[in-house]
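As structure tokens, the structure follows; a few thoughts come after it.
Each chain carries a letter (A, B, C and D) given by its place in the written order, and its residues are counted from 1.
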Amino acid sequence: DGAQRRKSDHIEVVRAGHAASACDPGFDAVRLVHCALPELALDEVDLSTRLLGKPLAAPLLISAMTGGPARAERINIHLAEAAQELGIAFAIGSQRIALERGGAAGLGAELRRRAPDVLLFANLGAAQFVRGYGPEEARRAVEMVGADALVIHLNPLQEAIQPEGDRDWRGVLDALGVLAAALAVPVVVKEVGFGLSPAVARALVARGIAALDVAGAGGTNWALAEGARGEGRTRAVAAAFADWGVPTAIAIRLVRAACPTVPVIASGGVRHGVDVAKAIRLGADLAGQAAAVLPAAMESTAAVVEHFTILRDQLKVACFATGARDLEALRRVPLLDEA
Amino acid sequence: DGAQRRKSDHIEVVRAGHAASACDPGFDAVRLVHCALPELALDEVDLSTRLLGKPLAAPLLISAMTGGPARAERINIHLAEAAQELGIAFAIGSQRIALERGGAAGLGAELRRRAPDVLLFANLGAAQFVRGYGPEEARRAVEMVGADALVIHLNPLQEAIQPEGDRDWRGVLDALGVLAAALAVPVVVKEVGFGLSPAVARALVARGIAALDVAGAGGTNWALAEGARGEGRTRAVAAAFADWGVPTAIAIRLVRAACPTVPVIASGGVRHGVDVAKAIRLGADLAGQAAAVLPAAMESTAAVVEHFTILRDQLKVACFATGARDLEALRRVPLLDEA
Amino acid sequence: DGAQRRKSDHIEVVRAGHAASACDPGFDAVRLVHCALPELALDEVDLSTRLLGKPLAAPLLISAMTGGPARAERINIHLAEAAQELGIAFAIGSQRIALERGGAAGLGAELRRRAPDVLLFANLGAAQFVRGYGPEEARRAVEMVGADALVIHLNPLQEAIQPEGDRDWRGVLDALGVLAAALAVPVVVKEVGFGLSPAVARALVARGIAALDVAGAGGTNWALAEGARGEGRTRAVAAAFADWGVPTAIAIRLVRAACPTVPVIASGGVRHGVDVAKAIRLGADLAGQAAAVLPAAMESTAAVVEHFTILRDQLKVACFATGARDLEALRRVPLLDEA
Amino acid sequence: DGAQRRKSDHIEVVRAGHAASACDPGFDAVRLVHCALPELALDEVDLSTRLLGKPLAAPLLISAMTGGPARAERINIHLAEAAQELGIAFAIGSQRIALERGGAAGLGAELRRRAPDVLLFANLGAAQFVRGYGPEEARRAVEMVGADALVIHLNPLQEAIQPEGDRDWRGVLDALGVLAAALAVPVVVKEVGFGLSPAVARALVARGIAALDVAGAGGTNWALAEGARGEGRTRAVAAAFADWGVPTAIAIRLVRAACPTVPVIASGGVRHGVDVAKAIRLGADLAGQAAAVLPAAMESTAAVVEHFTILRDQLKVACFATGARDLEALRRVPLLDEA
């Protein structure tokens, strides 16, 4: 049906490159100072961290994606198994269709069986919570996969472009506050590629949101993605937003400055482990990737493991080459501008 | 004859892209901060405004264009009907030929019948007012179409390039002051694509000019347009001015700062509704487009409606995605540089 | 012979584009503020000026060039006749060959007969004055063409690249001081495309030099020109200097600031009359062109007249479009950065 | 065997351009002010200098390179003979294979016989000194070629990328301090193309290191070089480091500011003698080149002589064209930014 077709279209559109932001995520302008004398063993570099009380082998997140039910099942199993194998976090895509259809669409208990130890995020859209959803639906989403936390995505621009989109966002902030208070698990809020601003970040933290994912501009652009799926006018309206949003590297700095103590996830145009290192240096706790993982996700668990092994190794080498034994040290590495 | 042929040439030259400025209008460097939690319904976004006492459904202006009489009639009817349908402002092209020939050249009372409710601007060139025109001719131009206001265009560089141009601009400022005092309707002054400077803006406002259209550099370049129509030397002289003028985004800031209370229209290289949003954020009250509308204008009323519907929808989505319920709120949206 | 062959080679090399600097002359970054209400008649714009006591119809100079004797004669006659017709200044190329051979190489009294009224500059290289030349040779060069002033060119980098070049520049400054004191006509000093620095400008003025031509980087590059004529090693050495020198627009500012009262000529990569207007705004009294005139110079007097008529008209229009009635006013026109 | 094959691979990879950094070495942004009146004879320009007590005809270093033994012998003999002929410094490539195999791999006493007078640097990797090497091995390396000093290279990022690399860098700083105290000859420390930072430079000088070679980013990139030799994952990990490191021109400034009195060698993306002049102006004592010399090094002694003759002549002309009689004067030449 419509909703499933849409999800399936998204995958095609992203893979074809039609959803690539015209905006620079901003990592190239950030230069870490090389350390020629690390006084470290590479093997000693410790990428482990904790988020929301759960240990992670590396500060990496497989960002939320989902496909049409048929494909989604395979994709999600590949991602879950890889997350388990690597000890990194995994956010499933929106569970709305699964919630509403009853069928789990690849998002059922099987997923948790494949990834018993990972920090697993359930996922729902914020707009739903002023459209009938409440703590009850959120609890069902969390339980469906045995998630450790619930991610709520904010995608107002995507919804505004989409002709059938949810375009009434009044009361969303309050609803998220209610949700945060009512749920046993922490609630994380994210954008989907246009970035959280400092004002929004502050408002969310004030309502009890436990962590933020800036999901900034420079990677997947959901206005273009909806435009590419749409007919003439939708596509034309969307085109004006090709360069829209807060670039990821800037969003990290701003959100970190606005909310000094809340965990911050960096996503949106993260290309490799050197970008991850920069994101962490700028204040992020974890970095996530979505579109860049999609080809591997469609292939196999092994392909996803290989993809994130490379990212993790790049991050490890970046720590080594800046003389940082762990992520705490990486946060104090000098930037070239400040040297 | 010559004057009509010239107008017709302009259309060809603009459509062929020979009149495109080499200057960047400056909108890309202005970044609006995305708001991931708008707390708004898209439908609630109110683009309505008033200019010179008349209501507008959106802060949009179909900028002055005109063709050779034969084509002008069709073009102007398409534009008038679209403006009426959308509730936006419409500025007709220069009425000089019509005034001097008696024939209305598509600029007669019929136009107002097609667009009974729109904010309609009559149009004459400033240089005429030191060359025999006075309040009487201005009144006739206004009455010819039942205009709400008179736009006077300043195009000294275009006239200087054009071998047969009006090259004596002494006394124009005084003549515009006389006109403003004598006319029952407000007088608006605009450039045609090289921008109003703060000094000129201040001088005009001091003489009683009611509103300004910066018509800055970055869109249509009338030196190149005349060059493309001319023979070798004219073309060669014009080529040096390809990058001339005050870029639109800079002109808006400067004119707004120089004249804090006068209505300011932004035109010159406005590409889409996100540029409109930026123009308004920088201080404009309305944004206008000319060359980009030309293809639709030559086609049909429906094409023009579609063109501006897209612009209006882009502007509406830009308001929504910055959390701005109306244009007043849009003016207070943070810029990324200031965040 | 060798010297004549070299001069002839230079023309081929320049025309083929092998001597084009990789450096930006810097004019694009200078933006004159457009004036939409000039309160002027274009015909009223007065480009006339005086330099070294002689009137000029426009602040333009045909910069020093010369060819092999055979061609030089035609070239110089075209340039001289055009300068006379337009009332602009004319600098002949180096007279060294003519001085040393006796033959005038197109640089004899005939030239002055063709251009009886122009500000005419004789030309010799500075290095000659520590290699046997003195006031006597300078006087002969001036008298050969009945020049109003003598231009001495400083081209140490060109000489250093050229295997047979004059590479001993010790004592040149003193020799120029002696020359300035001994000669009845003013002595002007110029570079040939790498720019005068403030320190050199100050030293020259302190020795009685009457005017300076910055001849900055961004147009003809004489290291590349000699490289293109030379064999492998010369060419390789020269290539490192493709981007060398003080860009013309910067040289004008710096020299004007260092020497507030001395006449300054701007040359080096001046493309058209808008660049001339910018040069004057930055502090120059005259602007000169060499390589860009070469094709017209080889063709006919009429071609040179047409070339400079276009430049003059561009400058006139630039004055009009900034509201500047004359060059004094042009010097006070606002720059966009300062607006 | 493996180590020799690796060295040989490096040569292919560098020559094929696969190891070229994506980073700008930063020399283009540094502009020396041209001096149109040098008051010098080109022949008078004195490029001679001393380093570590030994005289040099020019401040040039043939940076450390080495090939597989078979080729290395020819390469090193060409380089040594050229260094001798030109009076410049020569650093041989790593002597580890030679030390461990007994065979000199082209790095034996023959080398010194070909270059009796040059400032000759022995070369070992820093990581070896926490892996069994000590002053004894260092002394053997120095004696093997009769070196004047020992260069220790720091290449942690290269080792980290290389699957078989030395990835434990703990204790290296202390080991270098021990070495500096124990050895009769001075110890120089260098990077290999990612730059020394001010902190590392200071630490090394505090341990008695006699001179530093910044070997900054912008030339050969050893992560890419190892990536190009490796299989899929190695190559993928390396790719993230294409733009890594402190750009050479910035490294020179920072290291010079951090260590005002220690001799500093500049290498990494030095293209020609004008870059050498800029490096010296920024604070370097010598400038070195590796990859750019490789083609000549593989050809003949004459080709290497020709290569460095061009560099030296460019430097000499750059001194002349800035009015600098010697390197001391070159260090005081104004930069355009400061003029």
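Basically, contacts are C-beta pairs under 8 Å (C-beta built on N, C-alpha and C of every residue); 3 or more make two chains touch, one makes a residue touch a chain.
Computed from a prediction, not measured in an experiment: that's the story for all the values here.
Novice: According to the touch definition, list the chains common to the neighbour sets of subunit A and subunit B.
Specialist: Shared contacts of subunit A and subunit B: no chain.
Novice: Interface check for copies subunit A and subunit D. Shared numbers divided by all numbers used: above half gives same, below half gives different; which is it?
Specialist: Since fewer than half of the residue numbers are used by both chains, the interface counts as different.
Novice: Could you put a whole-Å number on the gap between the CA centroids of subunit B and subunit D?
Specialist: Result: the chain centres lie 62 Å from each other.
Novice: Between subunit C and subunit D, what is the gap in Å from one C-alpha centre to the other?
Specialist: Their C-alpha centroids are separated by 44 Å.
Novice: Identify all positions of subunit B at which a residue touches two or more other chains, and write them in rising order.
Specialist: none
Novice: Tell me, which pairs of chains are in touch?
Specialist: Contact pairs between chains: A-B, A-D, B-C, C-D.
Novice: Quick one: which bits of subunit D touch subunit A in the complex? Just the residue numbers, please.
Specialist: Touch residues, subunit D against subunit A: 126, 154, 156-157, 160-161, 167-173, 191, 194-200, 203-204, 217, 233, 236-237, 239-241, 243-246, 250, 254.
Novice: Using the touch definition up top, name the residues of subunit A that touch subunit D in the complex.
Specialist: 28, 31, 33-44, 271-275, 306, 309-310, 313-314, 317-318, 320-321, 334, 336, 339
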